[in-house]
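Below, each structure is written out as structure tokens.
First subunit A sits with subunit B, and in the next complex the same chain sits with subunit C.
Now for the complex of A and B:
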């Protein structure tokens, strides 16, 4: 099928629109020097239009175009939807930062768009080279975003660490791509599956090494332990407004690529790679939960908790094609919780702020009841308490892994979830049950924080999504069940 | 039944919580009265349910079933039988009372009322759910409001107590979740359709080994909740640090989730494992009875004394359940209600004296009967009910448990009987030190006796204690058919046979549920 040059612009429609939107923002910025409000309109319009085009993709017949490079299937389209949603929420959260950056504000919008387009490419590509291309487009944008407030040393440090470790991961991934080609002579995922279905690989060493490197490269991007060391520094040092987007979008894009490569490309090695993923999941869950307990900075805590969540998503992936629905549900609801949590963080730390010591949150419930309530809900949801989306997500992940025969991992994961209550609850303890320490300077009242402007809407949406899909998850679960790769 | 009375019952408290949540924040004085008024709606619903419940039927009544998410086989499946019926009434009675006992709450009063109402909704959901997924949802979600109630409105060590409470109980239920998933998938393999439905699970085929593991997972969750020795250490902390309303709900209803779960799930779903686990659970129950009572005797703190007495009383309930006789099971269920009423009342009484004197130390009091005669009267009445004085409710429950367990667990019953004596020791001795003699502490001379609100609260509970003590038939008629079904199930699936005279059916000559 890859011999026919079939060009379908629908397949890359959302990415084209994002790119055009990015160009428009840049040009308008150069020639008109408009107020941020104009940028907001352009950005909103671009994202909405991209969403509409993605809607067309959803209803289109699954197909492959551009010589087998890009596919239209519900798998990729669902990822596009989630990434666009994450970009919209992330940009709204970061709007305070965009306004404050002045001339560089436009750049940050452009970078968000390019990152989103890159991650969408990762999810829709049928070819390992294209996946790598998407990965690099997205990663480079994120490195710059991490350091966009270049006045601050922490931001530079975060960006540099993120860049060095990220490029290392990319190198591992591209090595995996090369080894795959060396072992099979194919780069297209569909051809790979065809190859393994047709031929018996007598000496699978190279193939297995290739698979391992592809997994490791992407494990870096989803911050699965032991490839997570960049995450805490990057989360802590980057501008508060944009961290939510960085973390959430990377997880969606990288998990989509990982799931597609393994499930569509290497289905005949499922018993091998699922053992590997189970090990990775076990390490991530354990390391993430234990390290999170020891943190004194909310952002580092969220970073380690996201390591654990990467482990839970890997747990869901163990179910193979049957576990994909669990992966998607988890990604869809967790990214919203994550962005919501960072929306609170950026309201407290300021949109450009680095570091969020937990002591900032002491007694927050009395000063800023809305922010405290929102953060409490996200903490409860992340810890997996029922009637929040987090419980349904965890439940689906555990059921998927149990059905695949990984009972030991499920038992480890449920016990680790209990350990997770420690640090999630500690945030609630600080906000609701402790009085703020007496201010050092007499008369200095503890600051009241407010969710301003768009951040308020981000929080309301995130709260609604978290509760809605916790109580009535059926519609979303039905939707994601259809999102299978070609 | 067309009208979805059970759904309404579960959802009413949640709706009430939303209404209170939407009250304008400048009308602070409204929160508590509105909350109390709204909590009368579920009470009315449960009393109506009690009235129209068909006695003599053991199966679930008023069953409602709506698909929640079909591919997972999860449904909103509610039903009430003789075991859960009384728990509903107990829960709905205690909520307005515990709210009425919270007039001194000044910190974030709105949230306090909201969390209490959410707690009620979760509890009703636990007792009504006939779907393991839904049951787990409610079982787990209750932790959040209780965690806030202890952690925000508790006393000095409240944060420690709240976290300990949360982690202990979450730990137990985590393994139960794995067990529930395992059962649903096993059912899926056997029939082609995954299901979490309780009634479907009764048809599940499993090996003895699997049954043992699942029994252990469920039993651990419930044993922590009960709490059974040696998993009880969270209880004294939580009970003592919680505000009065929290202690009342915790002791009155939350602990019963554990015994209810043992009865509803462990006995029914894993009968073979149950029969073989009897010695272990009976030993732990008896240790709990004696240990709880012995520790209660030496407590210098009144609230802690009542907390440890719960460990002892809950041991009786577990012993009765695992006696696997008609009398034992009925006694266990009756005792769940009794303990809810009498310990609830004791915590209210402790709360009332604490509001007046800001101390719960027994040594700070003495001769209170002179200054607060009404208070002393209620305390004595409740203490006697708790000890098991004939004519009051505690007697019926303990008597049934003891004769029921004497049939199958003779020596356990004999040791357990000492718990009744020890109960008299710790409660009457405490009464003596607090109430009798002259007033030797000048701070106690000016104490005010109970006011109308407090008399109403205690009076309602006392009336129920008297009613159940004098006329337990209204409860037993509804409980017995359902507990007989449990025994039928165990006898049908195992080689275990209830020895004479452990079955009502043996004595009366007919199966009670027919």
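Now for the complex of A and C:
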């Protein structure tokens, strides 16, 4: 490590811009009381500018700055790109909610920006304490977002549960940070690697316990079983418009941090942590698939399916550095599918709506062919049918685990994927092959739903991405292959 | 300039692709006639780009360019790679050139159609697909184009899908092509398992080193199966006559000039493989010759203005197969090109007649149009002479080169040459009959029909194609083999068959011209009379005539032997096998899992304390597991 302290504003450029954008939204809101359109311009401009700065990061030489706290590398930059994209799509989906909230609409934009900045810090930090800070910034924003409607008891309940359990997980993570320091005397990921390469640890118990707790804290955020218990309630109770963002951004940030800590910090213990991750993956895939089948609410089903998907991404991570490309590809395409699915959900349930019983979706194809078609595509993609991005993602993940010697897990995952068809296809069957449920009031026609405004574009983009990277995955795979941590 | 276009040769595909997307979303709003002009300029732009990129090739540069666009499926050797060599250049120019003329023509022909914009969406999609097919540098991209043109063909045949016959014809084309594709795919699998890649650069560069003679024969036969489907050869030709249900510009573009030649192109492209296998080459040539004769004999007895041309197309495609099967690849591709000119012209002229006659297609109800439709009639006369093989029109040179090369190879090929010669006579006969019945004699129109010449937007393409049909043959004459020099680099390493030279050349040419003249003369004396529709041949051999008129009842035979049992089998699989066995298994799995799942659901109580308990148990368990595996 050089003696000169390097300070590169580029390293935190996107986060600074997001923060300034958040401040701008708040100030304009206080002094001008503008229409939501003005907020939309500010938000769009902020995200675009952050994206441009992230583009500069992509071409910059990898480096570490702020006394080894933050790094510029393509690993973190790719995460920044995905998070910015997720934030843009998520905000567009939630725009109906932003408008509906009136004065508090600006708050929700600010919270989305803060959450995005937090997750980006998690992905770019080289220091466990910084990762923890990012985690908390993002988590606190998400807790508030979950309860932002304040009109419904379910939302408050969901937010409170999310907060309580999330604090629990944060505590475990920070305990893991403390134990890491206790065991090695280091908090920087690069120093950790150096330490393990230099010294022989005779009694690794403390260090291993620390590593386990770091894994658990992040596994909670990505909703891997058995640390997923918060997810179904949070997905179901939060405002429909924002759930997609909450779920997708958290997965990207937490998986990035997990991959960096384990691959860059603990490569010495790869045998140990990959066995542990394989265990978590197996539990997640099994629990997610089995529980998803019994759900009668689409959002709970998506929550359990996201548990299973967390398992698949863990499966990809088993390949170590060689599996990173599969992790990134999976994250990039799955987050888009997830936001797309929730865009449909929020069109049907309304932007503030809670609960999405499957009975809302019977016969949807006749009433809202575009929404039904889009949801059907996302279901097909999530189940991993060829010619969608979901197939390529699963294939890459399985290939990574197979190469790492986890054949048993791949077989289990393939079987679970087959079982998964059952509940994904059930949604499609409901939409296309069944009559709508009889309306309660005689003579009342079943409601027609439409994707309004920005949601329409979100759906079109999600559809395009899902099909494009299913048919032509090559360019994206090439791109993510470059995204290695320092 | 040319370098830039060659390096970005994908632009040629991109232009019509952009047109497709644009018209798909805005076609209805743009409406008539601008949707048509947008589509025409997209494909016209491709033609201009093709010309620019072909300049170095015209100037004699022999180097083939492989343009890597992006990685697609590297594991299969199937990247998005395009090949720019003389063969693909020629195909691009034919497809986009003739395509542009037909696009423009269609603006007039489709005037007033409700789905005007959609029609041009499909036409541009077809252009995209066909250009992909001919520019491919590996079998995977070729296959993508191959399937996409099939899809476009289906969409356009059944464009007027409210007519049950059109819908059925589209379905038939699609299904018959599936049979061909089945063989084609197996062929590709053998190629992949032998070479470990689908890239032309490996497979077609000295295939003999890995592919034994037996394997080459197998691949050759399987690819031929695919080619017979796409290029409407025996025994899979049955879909093409029915394809005439589509709008006439479609018949001209897809079912005469371009798509149906994909089989010929593919055989020419894989010439390195066919060069390894004499039996496969003979099979190609023999199927071609038999198809040529068979289809020509059916064409004689047709009364629908487009069905005559459809059987004629099948017959002419047969000639091309004879060419590529005799290793006269240049001759085959040459005929492909000239045929694209005069057959597109014939179809467009037929469309002009149908347009002028108020949708009448029965040639027994035409006659006497010469004075009413001057431009159409003159251009059709040129086309008729060209296809009949009268010098110096385009068809003469290309057809003669094929026949001469076949004769020159000797042996079995002499028989094929004889069949080709007879077919040449029949061709001249049925085309003269067609021309006389449509344009000469006294009017036999239905009441209320007032024929009129078509608008400029339709006749100008006719004139351009007519000029090409006159001069198109001069690119490769026995005196100056321009096309052969041009194409030779594409067939590097393949021993090409050549026309005989000297006195024999003149003798063969003389014989075939004589045969053609006899055909014209016989037809002229039979039909240029006051009562031309009496069909003198029908009176002499009524049974044979009836069989020819009905295409030898091949459709009925296929219906009884293949379609009916096929329907029974699919009914059984759908209602017995799938329902009882497959569904039973799938539902069984689903039900078991669902029971487990329902039993576990109560665990998710909704109480935070229970959740926290699960979390705590998970944390303790996981930490113990990690320490247990890693050591304390």
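Please note the rule applied: the second predicted complex is superposed on the first by the 484 of 486 C-alpha atoms of A that agree within 3 Å, B and C clash if a C-alpha of one lies under 4 Å from a C-alpha of the other, contacts with A are read in each partner's own complex, and residues count from 1 in each chain.
Operating definition for what follows: contacts are C-beta pairs under 8 Å (C-beta built on N, C-alpha and C of every residue); 3 or more make two chains touch, one makes a residue touch a chain.
What you see is a predicted model, and the numbers here were worked out from it, not measured in a lab.
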| item | value |
| --- | --- |
| Three-chain arrangement built on subunit A, subunit B and subunit C clash or fit | clash |
| Which of subunit B and subunit C A:279 touches, first, second, both or neither | second |
| Subunit B versus subunit C as contact partner of A:291, first or second or both or neither | second |
| Contacts of A:380 with subunit B and subunit C, given as first, second, both or neither | first |
| Of subunit C and subunit B, partner touching more subunit A residues | C |
| Contacts of A:204 with subunit B and subunit C, given as first, second, both or neither | second |
| Partner chain(s) touched by A:14 [first = subunit B, second = subunit C, both, neither] | neither |
| Touched partner set for A:477, first subunit B, second subunit C, both or neither | both |
| Partner chain in contact with A:422 - subunit B first, subunit C second, else both or neither | both |
| Subunit B versus subunit C as contact partner of A:166, first or second or both or neither | neither |
| Segment of subunit B that clashes with subunit C, given the candidates 37-45, 217-225 or 325-333 | 37-45 |
| Overlap of subunit C and subunit B interfaces on subunit A (superposed complexes) | 418, 422, 474, 477-478 |
| Residue ranges of subunit A in contact with subunit B within the complex | 365, 380, 385-387, 391, 395, 398-399, 402-403, 407, 410-411, 414-415, 417-418, 421-422, 425, 428-429, 432-434, 473-474, 477-478, 481 |
| In the complex, subunit A residues that touch subunit C | 160-161, 164-165, 168-169, 172, 203-205, 208-209, 211-213, 215-216, 220, 226-227, 229-230, 232-233, 269, 271-273, 275-276, 279-280, 289-294, 418-419, 422, 472, 474-475, 477-478 |
| Subunit C - residues contacting subunit A, complex | 70-74, 79-80, 586, 589-590, 593-594, 596-598, 600-601, 604, 606, 608, 611-612, 614-615, 617-619, 621-623, 625-627, 629-632 |
| Residues on subunit B engaged by subunit A in the complex (per definition of touch) | 68-69, 71-72, 108, 133, 136-138, 140-141, 143-144, 147-148, 151-152, 158-159, 162-163, 166-167, 170-171, 174-175, 177-178, 181-182, 184-185 |
